[in-house]
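Each of the next two complexes has subunit A plus one more chain, namely subunit B in the first and subunit C in the second.
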Partner chain A sequence: MIILVLFPILNTIYISFLSSKGEFVGLDNYADVMESKDIFDLEGFPKRPPLGAFIHNMIWIFIHLPLSIVSGLILAIILRDVKGSSVVKTLVFLGMVTPMVVGGLLIRYTFEKDVGIVNGLLSFVGLGNLARSWTAYPDTALFALIFGSVWLWTGFSMILYSAGLATIPKDYYEAAKIDGAGVFKTFFRITLPLLRPITVTVVTMTILYELKIFDVVLVATYGGPGKASSVLAFQMWLYAFMYFQFNRAAVVASLLTVLTTIVTIPMIRFVVKR
Partner chain B sequence: MVTKVEVSIAVLVLIAIIVSGVALGYSLSILGKLDELTRNMADLTTSMIDLTEAMTDIADKIGASLDTINTIQSRLTEVEGKLTPTITVIGPWSGPEMDKFLPVLARFEALTGINVRYKVYRAEELATLLPAQFAAGTAPGDVIFMWGWFIAENAENGHVMEVTDLIDESKFLSGSLDAVKVNDKLYGCAYTGKVKPGFWYRKSFFTANGLTEPKTWNEFLTLLDTLKTLGLEHPIASGDEIGWPLSDITEHFLITFGGPELQLQLIDGTASWTQDPVRGIFEDYLVPLLDAGYFSEPIEWTTALDLWWQGDYALYFMGSWITGMVDDPSDLGVFSLPGCEGLVFAADYFFIPKYTQYPNEAKELFKFLASSEAQRLQVAQGGHIATNIEVSLDSYPEVDRIVANLTVGKAVLPDLDDSIGGEFQATFWDQLKLLWVSPQSLDEVLQNIEAVAP
Partner chain C sequence: MKVKKVTIIVHVIAWFVALMWILPFMGVFMASIRPYSEIIRGWWNFSSFNPTFNNFVGAWSHRDFPLSQGVLNSLIVAVPSTFIPLFVGALAGYSFARFSFPIKNYIFLTVVLLMALPQQSVAIPLFQMMMKFGLVDNFLSLILVHSAWGLPWIILFMRNFFSALPVEVEEAARVDGASYFKIFYKIVLPMSLPALASVSVLQFMWVWNDLFLALIFIYSDSMKLATQRLLYIGRTGPYHLDWSILSAASIIVMIAPVLMFVLLQKYYIKGMVGWTIKG
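Right after this comes the complex of A and B.
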């Protein structure tokens, strides 16, 4: 634990305070990175992406989090007592076990103009004039990645919610039915509150996934065009292994460490409290 | 009175007695011989058993000897292995490209008795691997193919072996080793390379539609218009990967309209991206073509290759490696932009890391890969152009000979982004992807490139 986790974290933070020549420079690297358009690019806002890797991560969370959680929950409820639902669940969960690199390729080709299924569907419904390579344009690349990756993560929330639903005693629902509670009332008064521990876990894990998203971006768009789909983890990789600016990469890595820690605290507190 | 019948019977009885006596005697004689034969057989069996035992004994002794021989042989191999170590070459070629490279290594093994192991790593993968390895004082291979700028940068940091004495620079294409030179000392060498000659087309398509190669810029524009009237929405396929196919097209425009010297000025940072002539070339030549939709959106480059080959696009800007990627290379035609006086030559650079365990063997392989013999072997299989000038045009397959011939009379130039590398390269690729789908963003694109240019 100390060698594999603690030391790398502390050493990364240490490197983030050094210049490329190894001299201590205080917060200079942090100022340099935070001021760069790579992380925040809000000049002329509102505008189309690029808005900076940090903002892109936030957009990712804002769209991807509710979509993947709600779709996972709906699927779990719909498939709860359905015969043969395991087949559907397996298909949905397939996205979860698919390597992210393969997921990135799937997204890329899904949105490709000439061979993509999205444009095929558009043509099928008579909107062929809208066909384009969605990942190639700055105004749609990020959103194509986000929407495309919902399937990759929905399986996670669906499986956890399915497990959570199985633990709710059927007596509760029968009692609610006798009391005359409708479907929505039952859902909001019984199901959702009892799924709260699951929701905390799913939300935390999903945000962590969205913060560290990398492979999909690398394979599908390489952060482009014009950095329109870059995210923090990808920017960190660019700094380290394309620009060979390890100190700047350490700054982004430290920033990601702080963000993931902040996200994890509520879950830890919840678990401890219980 | 004795009758005749009685006499006859007596004679017959007598004859029978005589015959029986003779038969009995003969039978007794045979029985004696059988007895003798049985005894002999018993002796023979005993001898056979003795012989079998003796042979088993001999076989055991031979087996023991064979074991001893095998042990000696394996020890000899072990000792031989220590005397002739296996060195590791890391290169980017896999699949059919690797199949064309392995015979070169096999030839080296046959010539020197040094064993070579080949590992496939792309430059992008090595970029994540080598810095950490070098920092730890190790290297994953003894001879490594990598970007020229990366070799030069790591030579300055002391991670690369100097090879000035191993090769004769005058035997290489002029300027082809500049990328791996630091303070007039060589730290790497150019193996073969690929030319980026211009726009490829299918001869059969041009013939069927009565098209010819353009000789002027206006003819080029006319050709594009004609292609559109033939029903091609976008006449030129734009390949995409991480951006390099678009950078190749852009460099070709810059060299054609700014001259070969502009490419060199951009590499050493003496020309600006936001001012003329660079800005003018974008504004007057490239952006109008993008605006008019002559280029397709960026498409994954191997997919674009398939679409172009099947006729969805008429032209495709790509390097000479395309000759090894199509079903019928004899149907390939290629032309540069009219007036182009320089062609980009992207060499495959290789070097010896300072941390090699077998420096002498690595040097031997280094010298071999730089030699005309190795390069001749490689180019003969197609898709490569030699950097060693002692390799004659006769060594090439026909289609590659045409490509090699295209370089005659033209300046051979280093690849712009490969020469600079780092932040510039990634930004250049990314910004061009933006320009391709948003030509009105020209100013933003050029400013972003200028911000990271040398």
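Right after this comes the complex of A and C.
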């Protein structure tokens, strides 16, 4: 495990400081990657994508995190007292067990002109003139993927929140009812605080998912059109295994290592404190 | 008994959401059982409807990238990649739960951090390592890496499980003169079958669903795994995809994890919740 996991992590960081000939070059690779506009492309900001892989990941987090968590929580609460809720849960959770490659294909298919249901629904409500292949245009590709990934991932927060809700004793709610607390007050004063440990986990795991996103991008848009939906994990793979620029790729990989570590630390501290 | 209005509304919303949620899956299913010419105006269009099995046949015995071979390759990788870390992880988890080390907390922290990292963080050195040993384009490299990659969370999960087991039975056995290994195989393992089931379901699915590691280690066409083949099947041109055959291929690839989930849901959810929350 140490040979196959721990050592490679450190070695990747080391490689990011080497030239392709193996000499130590300090931060040259970092400067090189930053200049390439693959990671940051903010010239003429604000503008539409491509904005660089790092910014795309940030946009991904900014949209995907609140949407998937809130919808997962709402679904968990609604489904608590629904007959046949396990069937609904299973259906929503399908997106989580589907291979991400298939998930990416499904997103592309669903957003495709003519064959995709999104455009079918648009024309059904009279917005047929908006119909197009959403993943094929720079200004919509990234957002189509993000919304598609919300669809795939919501099952995760729903299942965890459902498990969490089941642990809250019914007495609490009865007591709140007797004290005259309304639905919203009960939610914000009882449900949400008691779900805090779960929220910490769900938020952490969701951000990790957003940082690691790869298969969906590769199969649905290949980072395109023109880098407009590229993300860090995909850019790393392109550098390393398509262009064989291992040192550049190591820079992106190190960046990912640092980002994921930063994201994980609060969860670890939270767990250790308990 | 009077049914409350709120209850009805909640049920309607719930089922509506479920319906919306599976629309894409329905699309894939409809596309897979109809010729492509029928669905180019949308799979919800039923002006002509000739269900066929040809797409599945076409994907299964594809001329260049038959999925039959892909599924076989995926199994060759996924089965050992599930059982090796399961075996090692159960042993390690047991020792973490029953014996105390001075550095246990640090190991625990490392394990959690390792679980969080993307595979991209290790890809380059691993590729160079496997290159040196001549293991690129060899299933062994994938099995090794998947096993090592799965170990951290399996150890953690099994440790949590074993910690919750009562020690009295084991102590009684020890008084009767049973060795540690005998206790582990005769008493602890049979009791932990549900936990082992959870671990195997999750680990198998992760390995089966993986694309990234397969992409960096497997290059020859005949060895490509099932997920990799989805990048080639149904490409009729640079921008054109035959969604019918691609849908059939997608269904073949996703059927294993989906079936496992539906049949072993109890263990899957337990694994998922235990893996993330109790950690």
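Keep in mind that, in the parts below, the second predicted complex is superposed on the first by the 274 of 274 C-alpha atoms of A that agree within 3 Å, B and C clash if a C-alpha of one lies under 4 Å from a C-alpha of the other, contacts with A are read in each partner's own complex, and residues count from 1 in each chain.
As a convention for this text, contacts are C-beta pairs under 8 Å (C-beta built on N, C-alpha and C of every residue); 3 or more make two chains touch, one makes a residue touch a chain.
Remember, it's a predicted structure, so these values are computed and weren't measured experimentally.
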Identify whether subunit B and subunit C fit side by side or clash on subunit A in the overlaid structures.
clash
According to the stated criteria, A:F241 is in contact with first (subunit B), second (subunit C), both, or neither; which is it?
both
For A:Y161, decide between first (touching subunit B), second (touching subunit C), both and neither.
neither
Is A:Y209 touching anything from subunit B or subunit C once the two structures are fitted on A? First, second, both or neither.
neither
Partner chain in contact with A:R132 - subunit B first, subunit C second, else both or neither:
first
Per the contact definition in the header, classify A:I78: touching subunit B only (first), subunit C only (second), both, or neither.
second
Quick one: name whichever of subunit B and subunit C touches more residues of subunit A.
C
Contact-wise, after the overlay, does A:I268 reach subunit B, subunit C, both or neither (first, second, both, neither)?
second
Quick one: is A:D114 in contact with subunit B, with subunit C, with both, or with neither? Answer first, second, both or neither.
both
Give one of first, second, both or neither to describe whether A:G226 is in contact with subunit B, with subunit C, with both, or with none.
first
Touching A:F143, do we find subunit B (first), subunit C (second), both, or neither?
neither
Where subunit B and subunit C land on the same part of subunit A: residues 108-109, 112, 114-115, 136, 240-241, 246
For the subunit B and subunit A complex, residues of the former touching the latter
124, 127-128, 131, 153, 240, 242-243, 297-300, 303, 307, 312, 422-423, 425-426, 429-431, 433-434, 436-438, 441, 444-445, 448
Show which residues of subunit A lie in contact with subunit C when the two form their complex.
1, 3-9, 11-12, 15, 75, 78-79, 81-83, 85, 87-88, 90-95, 97-102, 105-110, 112, 114-117, 120, 136, 151, 156, 159-160, 163-164, 197-198, 201, 204-205, 208, 211-212, 214-215, 218-219, 232-233, 236-237, 240-241, 246, 249-250, 252-254, 256-257, 260-261, 263-264, 267-268, 271-272
Subunit A residues within the subunit B interface of the complex:
108-109, 112-115, 132-133, 136-138, 222-228, 238, 240-246
Which subunit C residues qualify as touching subunit A in the complex?
7, 10-11, 13-15, 17-18, 21-25, 27-28, 31, 39-44, 105, 109-110, 112-114, 116-129, 144-145, 148-149, 151-152, 205, 208-209, 211-212, 215-216, 227, 230-231, 239, 241, 243, 246-247, 250, 253-254, 257-258, 260-262, 265, 268-269, 272-273, 276-277, 279
